[in-house]
């Protein structure tokens, strides 16, 4: 039995609260159950060296957790001097996923930073971060459109992410921390509004998994992504 | 004229929202106007090496700002590899201030970490952090009392902090960012429930200041601290 | 047309040269075409703190490239002071993959380090590293068995990895650098001797991909893994 | 009884030995009793990025202690990789204090570095450093004047600093290390030749302090600063 | 008796295998017995800041060991964040030695990086690295000549290096690790094709040594260098 | 003509001023002309891990320069986060040299740190540091003897160091900075009271040097070392 009597294929309660920061060009607080992430989009009028003078833009992400976002306090990464491997992996994943739905020519020669700071963690922080960062990105793009800096919406399609996993042989959607720590297989999936895939990262946590198990998990993830995108659409409407 | 028609000796709207985190032993979100800081108290059952085996405890603080807490995005300190001088200075101030009202024998051989993370900054983040961290500290102490881990309340007196400064020759209470950036003199004051002082840090930003000016600022600060402690008391009641 | 007239579903020439180092408990040089990686297994009679006293062992991996393993010289990571995000991601993948086929109770309370150093890179360095590290791991385990330190073979099943990708709409097996840089979708797959999966990491490099495309790539990868394991088996025989 | 029979309001023997380095544009060794600091002023013909092209200059300070400046050897900060919080705090204080008496337009677009290296520490190193750095700064400014690089003396007023503190309820001037370690309140004050204040940093070391105590300490500090400036004036004469 | 019955004045078997890397402008694997170093020369069309615009070039070296190049696994230097003192010392020695035989005007405004990576270490890694790096340097220079980028051979004379030492009172040439760890005196000597010296670094490991002992070691080293240069000449022929 | 009319084989004026620090177990300021180094010996009652429990001691050295010890201000190494290659090389040399004359069994299980801080640099800082550190070491050893902590003098013989070099074809003793920067060959030599050698580090700065040149430089260095040891002996007397 899942916490709160949730069905195996049910998402946790998802909340998207926009405009939570008065400075950022786009901002949203995303909640997947008790997982809570502030996603802020900041526009800077410059690009990384490898894009200078090409007329196209860039999107990059940074991810961090407050020390007590977790059950046990985790020391700040600045104390050890550099981001952990886990942090690197997650922020690379967020940036790569969002770039998959951006038309950089339409964005023009500027960078959008997506800062995803986990205020409270209960499993699925990276997928909540991607789902929230997408909203912040669209809000920032609209601000650029409203200011006449950008003509056409540079975001091409909706994008959301969800975790799935096998616990005691049962495929589950949107694992909380407790489920995640017992999962035999753990998979993070990023997908788009037109039903395609952007990232699939499946990992055998306890034992190798079969192709059939993988397919069941992917089915579940794609259903969850459709539901998340429905929620995003209620907030953002048409991308234009 | 101050923003929102505020009088020179008026605080901004101050909010203390407790229990904003499900893991921390004590938690509060503190707002001084648009300045918003999450203060979390975490108890760890160990002490720094210099206190080991002495039966007394420790309180320490860490401070950070989300990258887009500020008008312009500030790169994360983990990117440059270590906390800035400003961060060091502020977190040392917070820790030192709170230790001034703790009875470490009553706390016993354990450490309370106070993590102050600035979600949005509009001046006075360090004084808001001290004011909020005090609340988180008391909440954590009460949790230790409730669990029977600690017998007597280890916090001896109320504690709050406020900034004051001289702008265009006028002493002002609780400066916002815009005022702070124009101040000739800038002072942070930490005081206790019995009207005494814990820290006074006054700095000539543009020109040296007279002893009279200093006295006027201190008067203003002590009034502000009394008001802040009244708010804390409404939330926390007697320290016992 | 692929380089050397290779068929879309053909591996490059794969070589596994064992015993390339006189100190390491297990050593192999693995080549996938012009990609050349030295994989060394080192046994240390201690475990990470979280395993101390539990009687079970650990396997971990480190990955690096010589500065001129690549077409343009890449500065050493020690110069910038810490491993890049890419390095973190790869060495975490290698370690996690190998741990999936190890019985840590049979290994006993000791750690096997797998150092994968890329001497020359032409695409697929992480999958070559996993395929080679598996061989080094088995050689080290056999040395422990021969010395009577370990009784039963702690490696439970064969393991190999390969990259697949879609280039100009065509699914290709084992991409070289030139193909990889043009791929629309890029996927790294780690699988076992019994035909199951350990890791699937698929990424849309240029545009989101369909479920069908994903299935075609997985088919190709699983075929490649079978062939790689056949080569490993010729060298290592039965795992017992 | 204070060491050497010193009165509560007496400074230790203060010595200012100029021209202790053959390369620096300004140099002085300052001694407050057994506290000994070498203060060197170095002129560089460039300014920090935020001042480039504005025609005005900058003054900045760095502070360090030799490892055996203290009773117990302190490891070098380069060994741990970055300056400690204490070092950051002190060098920020020194730089800020000196900038309060500099006319940057008269200095022109150049930077003066003030390096304060503590050769031997016996309390009050930061206040000795400020007092000595002021002398080095004026000597460097005179060298610039003599060379015709700068027309008018860019230093507007004298500046000195002293520590005060309450020990066993008695306010004391210029604490040595032994007194400092027992002080209930510790205050560092920086003041100018015209009797105004530049920095006041008061800290409750053991218990909160009253406004009256603060006033008594400030009186004592302002007297000490007057005496220190008298000594500086004997060495430097009129600032013109 | 030396390992393998080697005479006191005999080198170990020395092998120079060129062209071991498909990207580097010059590459060689050098072996002194079981010591094995990959030396790669990389040409970059820029120079350090202090040479910019002067029309002359630069040669610099980097040195590293694979973790299991040694009998016991040595943690990677990137893990501790910076190169060790030993690494600094060796790479400075390699760069300085090679610069002694380069005509930088003939090289033109470009830098040649010499990366020396020790694959397996059995004593004498720095002298093997210098001997091999010389070959890689000449191969790179010839590639520049062949491409018409450089007109005249910028390498002026042959260069090789060897270690000598006193073990049980007997001067030995080309110490392996076992001999090196027992040596009373240890000396590394770098010399040229015309019989002159570039570096002499002699160190008393266990007790101070006499001038006579030093002379005997230098004689032995100069003989070894002549033999090494004979081997280099067989591979490279005339420097023109 | 050398500065001050000095003969080619003449040392600069050398001064050894003992007891310059009130905390260190041994302290001396050493001057070779305008080169000025403070050498402090600190005793700590512990040893590095590899010596724990063996009953023998250790001697180690650290070296640094004040930023304005040099003609142009050099940024502090703590700013870049770690000691430079030059610093590593020098402090390793100082420590190794001094260890060559210490009987670690007589010292007992404790460490002597030798901190050599260059206050002003005019060539030969490392040789002045070794010469001064030797004096500080003996003073500290005598303090340990006087306190009854150590029975027999653990320093076995005198030790001093000097630089020599060839300038315009002439061998010169004890080069100042100006001579050093023009030297064709540069050699640092460390020797003992009984006329033996501890370190010889000769480097071709501009062109390779002959064996004859090397011999002439060594003769000159050994003469200089004898004279330096005479000065040390006048201060310290018999080592007993």
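Observations on the structure shown:
Order as written gives the chain letters A, B, C, D, E and F; numbering starts at 1 within each chain.
To be clear about the criterion, a contact is a pair of C-beta atoms (placed from the backbone, for glycine too) under 8 Å apart; a residue touches a chain by one contact, two chains touch by 3 or more.
In UniProt terms, the chains line up like this: A, B, C, D, E, F = Ribonuclease PH.
What you are looking at is a predicted structure, and each value in this text was computed from that prediction instead of being measured.
Traced through touching neighbours, the fewest hops from subunit E to subunit F number 1.
Superposition angle, subunit B onto subunit F, using Cα atoms only: 120 degrees, a multiple of 5 between 0 and 180.
Think of it this way: of E-F, A-B or C-E, only one pair shares over half of the A-C contact pairs by residue number, and it is E-F. For this pair, subunit C with subunit F, the centres built from the Cα atoms lie 51 Å apart.
Distance between chain centres (mean CA atoms), subunit C to subunit D: 59 Å. For subunit E, the set of residues that touch two or more other chains comprises 81-83. The touching chains form a single ring; listed from subunit B in the subunit D direction they are B, D, F, E, C, A. Per the touch definition, subunit F reaches subunit D in the complex via residues 21-24, 27, 34, 38, 40, 42, 44, 62, 64, 66-71, 73, 76-78, 81-83, 113, 115, 117, 119-120. The touching residues of subunit B, counted against subunit D in their complex, run 81-86, 88-89, 91-92, 96, 100-101, 157, 187, 191-192, 194-204, 207-211, 214, 218, 222.
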